[in-house]
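Think of it as A, B, C and D in the order they're written, each chain with its own count starting at 1.
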Amino acid sequence: MNLPQPSPPSRGPSFYEATARQRVNRLLDAQSFTEFLPPQGAHSSPHLALLGLPGALDDGVVIGSGTLGGKPVLIIAQEGQFLGGAVGEMHGAKIVGLLQRAVRDKPLAVLFLVDSGGVRLHEANAGLIALSEIMRAVLDTRAAGIPVFALIGGVCGAFGGMGIVSRLCSAILMSEQGRLALSGPEVIETVAGVEEFDSRDRALVWRVTGGKHRYLMGDCLALVEDDVEDFRQTTLALLAHWEETAPELHTLRAEQERLSQRCTQFCGLRDGLEVWAALGVPNPQQIPLLERDALVTLRQGLSL
Amino acid sequence: MDQLTFQFPAQPCKPSAKASLCGVVSSGNLEVLITQGAQPNGCEVSIHTSAQGFAPIWQAVLADFAAHHALGGTAITINDMGATPAVVTLRLGQAFRDYCGGAQ
Amino acid sequence: MPTSPPPPTWDTRRQRRQARLQRATQAGIGRHVEAARIKTLLETVIAPGDRVCMEGNNQKQADFLAQALSECDPQQLHHLHLVQSVLALPSHVDLFERGIASRLDFSFSGPQGGRLARLVQDRRIEIGAIHTYLELFGRYFVDLTPDVCLITAQSADAAGNLYTGPNTEDTPLIVEATAFKSGIVIAQVNERVEHLPRVDVPGDWVDYVVVAPRPNHIEPLFTRDPAQITEIQILMAMMAIKGIYAEYGITRLNHGIGFDTAAIELLLPTYATALGLKGKICTHWALNPHPTLIPAIESGFVQSVHSFGSEVGMDAYIAARSDVFFTGADGSMRSNRAFSQTAGLYACDLFIGSTLQIDLAGNSSTATLGRITGFGGAPNMGSDPHGRRHASPAWLKAGREAAGPQTIRGRKLVVQCVETFREHMTPVFVEQLDAWKLQESLGMALPPIMIYGDDVTHLVTEEGIANLLLCRTPEEREQAIRGVAGFTPVGLARDQAQVDQLRARGVIRRVEDLGIDPRLATRDLLAARSVKDLVRWSGGLYTPPSRFRNW
Amino acid sequence: MTLFPLLDTLFPAGHEATVTQQVVTGTALTASGPVALLGTVDAAAISHAIALRLAGQVLHLVEHHPGRPLVLLVDTQGQALSRAQELLCLNGSLAHLARCIDLARRRGHVSLSLITGEAVSGGFLSFGLMADRVYALQSAQVRVMDLKAMARVTKIPHERLVALAASSPTFAPGAENYHRMGAIEALWDTPSSELLEQALAQLRTEPSAGDSRLQQGRMRGGRQEAAAIVAAVLTA
C-alpha cells in the first residue's frame, strides 16, 4: 500500500466544526455580510415554547446578503447544532423569503449552506409544508436565471426533505464529511432492522451517504476539503463560468435516462465498496482513506 | 423550561457593536445575545433554560460575571440547553468581548 | 497397639490435577479441543468450589470460554469462586444468576455494575473484595491462586505455544500463577498456525487450546474522538501543562482515559511546544497507545511508552514506531498489564485523571448509587508509593512542598482534573460521596473510594488549580478544595477571606495567576480536531474502528 | 373507497386507468377535455423505480400532450426505507420527479392532487405537494410521523402532545390540520365529478398563480408566523 507520509493536518477553519454564523462570515468577503431578521429584536419559535423547549433567536438558520469575490450574493446557512438544523415554520419561512428576494433582487447566486435532518418533528406539519415551499422557491429562483448552490459539509448533512431540496439546486459542493440522503440510517435501522442498516457503523454510513460516494456517483458536482476557505474558492471558481439554464425537456430526459440506467447497472448493491468496484475503481477499500485531491484525480480517470 | 430574569448594578460599558451573539442552543450549550439595555448603570438578563430549578446558580454565575465586567447599559438574552456554569461564563465572555470590540 | 499416622502427602494439588487431566483423556479430549466439546471439557476439569480465573480486562476478553462456562450444568458445576480482574461480560454475571458461581474477588465491573449490585442485594453473590489490579495480581500468588484459568490469545501452534498479539495484557501473569501451582490452563485462540510470530506463553504451561468460532472481543476503550473535546477541557489542559507539568518538570507520567487528558495530549505539539517545553516534559510514559498521543509522538515529544494493552487500530502504527513502543522481534507490540501497573505506581512522577465525585477531603469516586463498578487502573496509578527510593526533581519538589526542605522522601503527584459540573448540572464537588451510601446499602467493608484524598496533590478545575501539598491543616485543605469548586454548593459555601488568602499564598491559582489567556482556549489549539486528523498525523498507519469515523 | 369506484365517480364520462406495481397511469374525460391520471395505490413506498416511472410519465405528457391537465392520485406511506435505495441517492430520484412536475407546470399543464389514502413525508413532498392544488378525501391520512413515534423521538410525553394537538394544527397528523395550514385546498366529504370539475375550472382561471399556501395558511389561522416572516425578509 502506498501510504502518505505523516503530516499534520491542514489548519484552515473546519467547515464541519464551524457554526452557521462562522461559516457565513468566513465564506463571504470579509465584513460584507448583512443579516436579514438578525437575532436582536427576533423572537424564537412559539411552537417550541409551547412544548417547553428553549428556541434559538434565529430559529436555526442565518440568512442575508453579502459579496463573494466582490459580486452580490444571497446566503442561507442552517445551524446543524440547533435541533439538527431541522425545518420548522419560522426557519422555513426565512428560507422561502430569502429565495423570493433572490428572484426580485437578482443576485449573482444564492449560496445555500445545508445542514439539516429535514422536518423539525416538533412542528412537523409546518416543517413539511415549508419544505414543499422551499422546493418550489428553489425552482422558481433557478427559473429566474439565478443559480442556487448547495454547500454540504456540516454535522447533520442533508437528509429528509433537505436532501431533496439539495438535489433541486443548480449544483452541490460537498466535503467528504458531508452526507446526502433521504432517510437517516437510524430511521432505516429502526424500521427495517440493524441487518438492513447498522447506523453505528459510521464507516458504512459514509460509504452509503458520504461526500466521496456522492462525488464518485456524480450526485454532487464538486468534492472540497473540510475547510471553509476551500468551499469559498470552489464556489468562486464555479461561479466564474456558471450559466444557469432554464428547465428543458431534453435535460430532464437526459437525467431520466441517467438515473434509470444506473438503477439497472447497480441494482441490488448495498455498499459503496460494491458500487465503486462496479465503477472500475481498482482498490475500492482504499477510497475512504484517500485525500481529496487523489480522489478527484481517480474520478477523472474513470469513464463515467 | 424555566424563564428567569435578573438585574445587576454594573459600571457602564462602551459598546463598539450594536449587538453580539455567541454560542448555539444545543445540548450543554447556549446562545448569549448582548444588546443595548435601558439603564446605563445596570444590566438586565433574561433567560430561557431547559434545566429547571437552577435559578440560584444562574444568579451566582451572572452576579460574579457582572462584578468583573462593565456590563452597564446592556441587555443580555440567553437561550440555554443545560450548559454548565463554566460554559455560561465562557460564552458571556466571548459575547461581551465582541460587544466591546475586544476591549475588556 | 498405636497405629502410626499415614505419611503426609505434599502433592495433593498435583495429584488432583493429574486425575482431572486423565478424566478428560478418558472423555476423548486432548490438548487441542474442538469448539463443540468445550462444555464437556469444562465440566470435566473444573470441580465445585474451584477458584476460577477468566481472563478479561477492560480490553480483550476470553468471551467464548466465559459463554461456555455460563452454559454449563449447575448440577455439576456450582459454588465456583471467581478471581478475576474484570466482570465485564453479561455471561460473567449469568454465572451467578444460574448458581454456577457464588463468590467473587475482582477489580472492575463497568457495564455490569447495575446487575452486580442487584445480585449483592439479593444475597446471591458474596464479594470478597474489590481490589486494585496489583493487589489482585499479588493475591493470585498468595491466597487466591486459581485452580483453573480460562485465557485468550491470538494464535497457537501444534505444541500449544501461544502468541497473544499486541494485546498481551494479563495473560502471562494469570498463566504463571495457575500453571505453577498445579492448576489447569485453558486457552481460547483466534487461529491455529504452523509458526507463531513469537512465543508469549510456552506450550508446556498450557493444558488445552480451543479455536474459538469468533475472534475474541476487544473494546476500543482508549480512543477519544478529538471532535468531542470542549473549550473548557482545553482551558484546563493549558492550566495543567503550564501550572503543573512545566513547574515540576514532569517527564515520567501516566494519563487517565478521559477527554480531559486527551486534551493535554493534543496540546503538547501546539501549546506546550510554544512554551518551549519540548524535551522537558512528557518524555516517558506508562500508557496504553492512545490515538490522541500520535501528534505528540510525531512531533518528537515522546521517547518511550510502555503499555498495559494495545488499542484497536493502533497496531501498524506501533509496529512502525519501535523506538517508542515495546515491540518484539516479530515487530508487534508486547504489552503487559502487571508490569505497566508497576511502572505507573513506582516509576512515574505524575498521574492525572478525572472522576465523577470529589469530597471535601479530596477523596474521589466513580461509584454511583445502585451500581458496583469498582476501579480501573486509577487507584494504583493515583497513589503515592511510600516505599519509593529513587529521586527525581519532580518527586523531590513535591515532597518538599508537602513536608518542608528537611523531608526524607518525595511525593508522587496525583492530579484530579474535572469541570465542576458534569452534564445535567450534576455537581462533581459534594459534601459526601455516594460511595458511603453504597457501602451502607450493600454492606461492604469499605466505601468504594477510587483515589484517597490524602494521595491527591492537585485539583484542576475551570476555576483554577488547588495545590493541596501546600495546605497545612485539614481546614486549609477544605477551603482550597472549595476555592476551585466553582458554583457548586460546595464552592458557594467557601470562606471567601480564607480562599483569598490561599490565593495570595499560591495554594490556589486562577487562570490569570498562571498567565494564561483564556481566549486561546479554542479548538484551534488542538493538534488534531478529528479522528481523521489523527490518521493524517500517522501517515495512514492508524486505522480507527468504524464507529469513530465520519468519512 | 377503492381506486376504480372512485375514478368512476370522479369521471362519469369515462377513464382508462391501469395499475401496475402500485403505479396508476391513464387518461380520463372531463367536461373540459381529457386529463392525465398519475399516481400510486396501496400506500406505496416510493422507490427509485416508482419515482422514475412517475417522472417518465410526466415527461411523456409534456412531450406528447401539451397543456393537458394532470390529476395526481396520492397514496404513499413515504419513501422506501432501505440501504440499497439510499446508496443510489433516493433523494435525487425524488428531486427529479419533483422537477418533472415543475416542468409540466411551467409548460402550462395545470395540476391537482387528490389524496386518496395516505400522504407521508418524502413521497408526498416530491409528488402530491408539487401540484398547483391539493385536495383530500375525508378519509385521507396526512402525516410526517404519528404522535407515539414523535413522543419517542422528541422525548415529550405522548399525553402532552395529544393535549396540545387539540389546539394547534402545527404537528399532529390529519388532513384537516394541513387544510388549516394552507397546504390542502379542501377536503372532499363525498367525492363527485362536480367537485373535480370545479377544482379544474378554478385552476384554469388562475393558472400559475404561484405558490399561495403561505397566504392560505395565514387566512385560515393555521400558520400565524410564516407569511409575516416572508414579508419581513422581503422588506429587510
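Here, a residue touches a chain if its C-beta (ideal position, glycine included) is under 8 Å from a C-beta of that chain, and two chains touch if they have at least 3 such contacts.
The structure presented is a predicted model; accordingly, all values stated were derived computationally and were not measured.
When every pair of chains is scored by its C-beta contact pairs, the maximum goes to A-D. Distances from each chain's CA mean to the overall CA mean are smallest for chain A.
Centre-to-centre separation of chain B and chain C, using mean CA positions: 42 Å. Rounded to whole angstrom units, the spacing between the C-alpha centres of chain A and chain C is 43. One simple way to say how far apart two chains are is to compare their mean CA positions; for chain A and chain B this gives 33 Å. Annotation: 25 Å between the Cα-based centres of chain A and chain D.
Contacting chain pairs (ordered by label): A-B, A-C, A-D, B-C.
The residues of chain B lying in touch with chain C in their complex are 28, 51, 54, 57, 60-61, 64, 82, 84-87, 89-90, 93, 97. Residues of chain D that touch chain A in their complex: 48-49, 52, 55-56, 59, 62-63, 79, 81-96, 98-100, 102-103, 106-107, 121-122, 124-126, 129-130, 143-145, 150, 153-154, 156, 160, 164, 168-172, 177-178, 181-183, 210-211, 213-214, 217, 223-227, 229-234, 236. Those residues of chain B that touch chain A in the complex are listed here as 1, 18-19, 21, 24-26, 29, 31, 33, 35, 48-50, 77, 79-81. Residues 36-37, 46-47, 50-52, 63, 89-90, 92-94, 96-98, 100-101, 104, 119, 121-133, 135-137, 139-140, 143, 158, 160-161, 163-168, 180-183, 187-188, 191-192, 196-197, 208-209, 213-214, 217, 219, 247, 249, 252-253, 255-256, 259-260, 262-263, 266, 268-272, 275 of chain A touch chain D in their complex.
Against chain A, in their complex, chain C makes its touches with residues 227, 269, 295, 298, 523-524, 527-530, 532-533, 535-541, 546-551.
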